[in-house]
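Presented below is the structure to which this report refers.
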Amino acid sequence: EDTGGDPGSETGAGGMKTGLKIAFLPKQVNNPYFTTSDNGGKAAVEEFKGVYSETGPSEASPSAQVSYINTLSQQNTDVIVVSANDKDAICGALNEARTAGAKVVTFDSDTNPSCRDLFINQATAEGIAQNQVKLIAEAVGPDGGEIAILSATANATNQNAWIELMKAELAQPEYAKLKLVDTVYGDDQDQKSFTETQALLAKHPNLKGIISPTTVGVAAAARYLSGSTYKGKVQLTGLGTPNQMRAFVKDGTVKAFALWNPADLGYLAAYAGGALSSGLITGKEGDRFKAGKLGEFTVGKDATVLLGDPYTFNASNIDQFDF
Amino acid sequence: MTLVDSPPAEAATQGTRVARRAFLVRELGIGLALVLLIAVTYAVNPRFLSAQNIKDLLLGSTILAILAVGQAVVVITRNVDLSAGSVLGLSAFATGAVFVAAPGLPIPLMLVIGTALGAVLGAVNGGLIAAAKVPALVVTLGTLYMFRGLDYTWATSRQINAADMPPAFLRMGTETVLGVPVLALFAVAVLVAVGYYLRHYRGGRELYAIGSDPAAARLSGIPGGRRVFAAFVASGALAGLAGVLHAARFGTIDANAGLGIELNVVAAVVVGGVAIFGGSGSVYGAALGAVLLTTIRAALPVLGVNPFWQDAAVGALILASIGLDRALSARVGRSLREGKAHG
Amino acid sequence: MPTPVLALEGVSKSFGAVAALRDVHLELHAHEAHGLVGENGAGKSTLVKILAGVHAPDTGTITLDGRPLRPAGPADARAAGIAVIYQEPTLFPDLSVSENIFMGRQPLRSLRRIDTALMRARAAELFDRLGVRLDPDRPARGLSIADQQLVEIAKAISLDARVLVMDEPTAALSGVEVERLFAVTRSLRDAGTAVLFISHRFDEVFALCQRITVMRDGRWVSTDPASALGVDEVVRRMVGREVSAMYPRQDSAAGAPRLQVRGLTRRGAFADVGFTVHAGEIVALAGLVGAGRSEVSRAIFGVDRYDSGEVLVDGVRLPPGDIAAAIRAGLALVPEDRRQQGLVMELSVERNTNLPRRWRLTRGGLLFGGAERRAAVGWAQRLQVKAGRLTDPVSTLSGGNQQKVVLAKWLATEPKVLIVDEPTRGIDVGTKAEVHRLLSELAADGVAVLMVSSELPEVLGMADRVLVMHEGRLTADIPRARADQETVMRAATGQAAAA
Amino acid sequence: MAERIAPVRRVLGSWDVIVLLAVVAVATVGAFTIEGVASPRFWRFVALEALPIALIALPMTLVVITGEIDLSVASVLGLTCTVMGQLWVSGVTSLPLLIALCLLLGAVLGAVNGLFVTGFGLPSLAVTIGTLALYRGLAYVVLGDRAVANYPREWTSSAIAPIPGTTIPWMILVLAALAVVFAVVLHATPVGRALYAMGNNAEAARFAGVNVRLTKFWLFVATGTMSALAGVFWTLRFASARADNGSGLELAVVAAVLLGGVSIFGGRGALLGVLAAVALLGVLRNALQLAYVPANTLTVITGALLIASVVGPNVAGMLRERLRRRRSTAPTATPTT
């Protein structure tokens, strides 16, 4: 099958083609989280001598993303590594790009399986849900109480999947004392998340804990709590980056939070894309491929590759990380 | 030769009394709406007026209020400044960047730097509008894009975190004096200063004149270009100041600070009873409008309004309040005409 | 002869193709009121705007007390001691009357703050001096044209200027107001101010001025002592020909009733107004300024709604408040405030002329440039509109020529009933006679004409019947035979029992 | 004011031609310098992207010419999308019926704007900022965090299907037809004349028998309807109805209208220029994207273009004056909102 561009024929380490054009298309540029993961991808692409590029809209909207997908496919990109702003809206464009010869790898936020070759899953939705609920339960303590969720945008695929599973998890007997009273949306905007947190606390006098499974949200919430009288009284956990959360873990606002390593995520996505485009794998269940320093990975069902379990950061280990 | 006349003056004066009273009501109306809203919310959830929450309300209003004051100055001259949000964004990021570069920088100096940056950007707007004689809405829509684009290009997705800024600076964002947040004090100071100038100084009155009838202003020898230019510099400077305060309050800054806030600002100004076609209204009204909008956003969740209903509610409020304002000024108009007429 | 306070030498000014002023010279002396007359478009207002620093002359010099003056803008001219009343009021509707008067020169107290109290007091003073009763705190919005003009006058007088320039200040004023204005002006003149006075009413010019300058087509024609001139002579020099009779009213047999108004009432403006205008009749609607005549005509035409009563054209009832219907029924209104209500300033003469009958010019629902042009040219020529091109914006025409366009636009609709509100306000003698001739021609062709006018000679000279309004009510219906100054006056001041 | 306006107007008169030439220039230069611009696919993508903006820009041009503005268009689009999705999931399976209902909804939403502006005499800028929030809010009320995507394949593909034998989407023909209608109404009918008149002086227009309120009301209805049409297209093209569909599009539309030489004060402008401006923005954006120009730079360029579109003609006008050595300084209104 024609790969669109003409990647150099001679193959490099592990049978990976060199000169592959690999483009990263995040939900939105100007977002530190994606910059970190894309840089991980960059490192990987350089390792197997591909041509790396990052492009994307300045606002996280599907339509804008579509425009960039079209552009990439016109540029005969070999691999498009994309984090979807909408699981359906960009499908048409992705498929058009694939028929034009590009391989599509989604990461961070998936599309319909029908319109991509591989999904690099930062952590199973179940894994995240369990981790988050466990963290908040530990933080709030044995006698439990009311908790709330501060999410990203109301439409974020991954967020909503996690929230559903958290609800399921909370239904477990051991969490009987925890009561989910509200879910609000910070739209992954720092300011909105900040004010939403403040509204949450005004609305629920007995709130004991907040889960914010988004890097923007958890940082905003932490900052609000640390500057308010609720500091220490209301517990917070979520998915955040060490650099953003360091201050608040140190001042005791946050006991523990989790995240996968976004750099590794991009790194793995790049290798997966390279492997696909080099014909080493096709994306069917059981395919195995080498991802540089991260070692070997196996394609699971629905053409999904799992990075690993979320990693929990706390005061004791946070200083070992810088991203 | 022509016929003789007897102007019904008493009627006229009585008519204008009504007028003045109604103009008073204009700001009063918003005030009442605000009080009502707070009262209802308090009734539903007393914690709405907890010290903490009042502080949050004031903090929340501060930045929008400062922007609204700047915007009002411009709107009064029958112009508009859509670039306020982008200016705020640039100045906020600049604040962070400067602190990263020079951690020891004294905070007052930082405030000056931010304000100055804003003023420069405002001067770009004002210069184009006054010198090239082009509509403000178009120019500032253009600079809305340009300034934001520069912000993005500069930030290149860098994020400046609380850790990168001096603790003292961040404390300013949450500190209070007698329960009143420091930031809110900034807003009040700005409001009073600008309000007093517009009311009691020639320069201020001339802004109203220009907005009321630009051509007449020119014939009366008012330096329209210079005044409008100044208005935009002021609006820019205030947006710049707001940017610094934004940094202090939110601690984390990326290139998206203040994204899309411009329409909220215009809404606040309009809700505050400043005529969108210039010439009338006051910065106090505009500030009240800002507080009202912020309070609504804070109150709706407390009132248990489904988050999905909140935007709708805000929109409805905007419509309601401009409707009210119109009803009032219509009454004024009538009272004037009937004051002049007979029967 | 003493050196003039202000002197223009060889001043020229042109706007694109139009040469508004060509090599004009003028001398204003202290202790003297100087009259400036000329046809519409002669260049009077342009000259004023040059003195005011609004326009810079293309060539020529202005000297003040023998020193050259080059005002960069109105502010400079004012600082140099030149006060100007422009032809069109220049007020700020949102600001109070007193602020309008003192804008940019408000009295100050400590810290350069405005001394509002003092400002109000001074305004009140000025109004006393002019004998006007206006609340200084009242916003300018909603002032009648007359009141607006009075505020302008107060503004100019408050400057205590060396030179006072007035461009048709009396156009919208009634007798008393004019008298008071003149009294004040004379006292200023005697105190040493040099006055330049522009008007199309010669009685006023001769009453006030010692010296009269005549202009024609942007050129200086003559300057003589008023004593050495007669009205006819001035008119001849202005127009460059003999003016035919001022009121050429050929009698036309009154036909069937065209316009019937019954019990028309609008709260706060007028009450129970009823009258009939027959085909071929010119009916004048006289009364004091502010009697509500414009309101009545506006209501008839459907601009304002009315609380009760009805309007019929050829026996057919008009739906209230529906202008389009009124126009379809054959009604036309030449409104009082031509700039605001009569014209779309930024549109071309052509577009303005065709606006009311744009539907009639369509073919297959579409408009074609050619048809529009032809339609416009005819009427522009018939009324001798002075314009560079028919595609020029109306804003570039002189005050009077703008009025002609308004007339043209309505005559073009070939109305059955023509309502004209102050038809000759601000129009020069030549055109005035022309307009009067037009009106009587129309009447002769069977048009019913309703003429709102504050000029008694016009009323008496043109009308078959004179309706008089007082304080919003119809107080008299006087047939031409019995119509004279006293009867009309008595009715207008409410002394006569309703006829 | 006049002598300043006159020459400026003359430049503006040809402004739409200038914009048109700019499109041609960008396309040609791009075709030779940027790989892919010459290819039919490029134009297909440009067309697909420009379509919704163009559809809304048509009525918006008329609205702005009458001196009003409608900032709620993108929210109308969004709300239509969500309602369409909701109707579809709740069992309305006939596409024509869906479209009809959506257009009706759009008309109603537009009518609400129209009512507030003409009925209560409120400034449209303020009103439509209000409905911008209101309609977007209602969109969230309808679908909340859900997205409706399971439309039949043939619907979604038919929306973007090309004209047989070309790559150009057939919807372009619909746009063309509508453009002709709007252009004729604006430039060759009494209604059009009235629009310009009321844009300059509503009162005088009224005295000349123009029903200003009614006309404006219907213009807002038209804007709502066209926005709804754009919404339907949006939903089908992206096969996804979400509450945030097309948010922020209003600025793109206004930008195009202004770049097309329509005066924000009303009374001046032409449809050709606006359509050219839509094309210019679309072509430029896509071409530069192909040339690896980052999004942030594109944002700056958009802004710069917008400013150039007003500064250009005015400065040109002033220079003409200088050349004529007319040092005249008649009153010129300060720019107004």
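By letter and in written order, the chains are A, B, C and D; residue numbering begins at 1 in each of them.
Here is the rule we use: a residue touches a chain if its C-beta (ideal position, glycine included) is under 8 Å from a C-beta of that chain, and two chains touch if they have at least 3 such contacts.
Fair warning: this is a prediction, and the values are worked out from it, not measured in the lab.
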Checklist entry - Which of the two pairs, A-B or B-D, is linked by more C-beta contacts? => result B-D
Item to check | Mean-CA-position distance for subunit B and subunit A (Å) | outcome: 38
Item to check | Mean-CA-position distance for subunit D and subunit B (Å) | outcome: 28
Checklist entry - For subunit B and subunit C, what's the span in angstrom between their mean Cα positions? => result 42
Checklist entry - How big is the gap, in whole Å, between where the Cα atoms of subunit A centre and where those of subunit C centre? => result 74
Checklist outcome for this item: Residue ranges of subunit D touching at least 2 other chains are 1, 140, 144, 243, 248, 294-296, 299, 331
Item to check | Junction residues of subunit A - those touching two or more other chains | outcome: 29-30, 58-59, 154, 185
Checklist outcome for this item: Where subunit C touches two or more other chains simultaneously, the residues are 54, 73
Checklist outcome for this item: Inter-chain touches occur between A-B, A-D, B-C, B-D, C-D
Item to check | In the complex with subunit D, residue positions of subunit B that touch it | outcome: 75, 77-80, 128-130, 132-139, 141-150, 152-153, 210, 214-215, 217-219, 224-225, 228, 260, 263, 266-267, 270, 275-278, 306, 308-316, 318-319, 322-323, 326, 330
Checklist entry - Which bits of subunit B are touching subunit C when the two form their complex? => result 1-10, 12-13, 15-16, 19-20, 200-202, 205-206, 208-209, 211-213, 215-223, 275, 279-280, 333, 336-338, 340-343
Next on the checklist: For a test of understanding, state which residues of subunit A touch subunit D in their complex under the given definition.
Outcome noted: 29-30, 53, 55-59, 61-63, 66-68, 70-71, 74-75, 86-92, 153-155, 160, 185
Item to check | Touch list for subunit A against partner subunit B, complex | outcome: 29-32, 34-35, 58-59, 154, 184-185, 189-191, 194-196, 198-203, 205, 219-220, 223, 227-230, 243-244, 246-247
Checklist entry - Considering the complex alone, what residue numbers of subunit D touch subunit A? => result 35-36, 39, 41-42, 45, 49, 140, 144-145, 147, 149, 156, 160, 234, 237-240, 242-248, 285-286, 289-290, 292, 294-296, 299
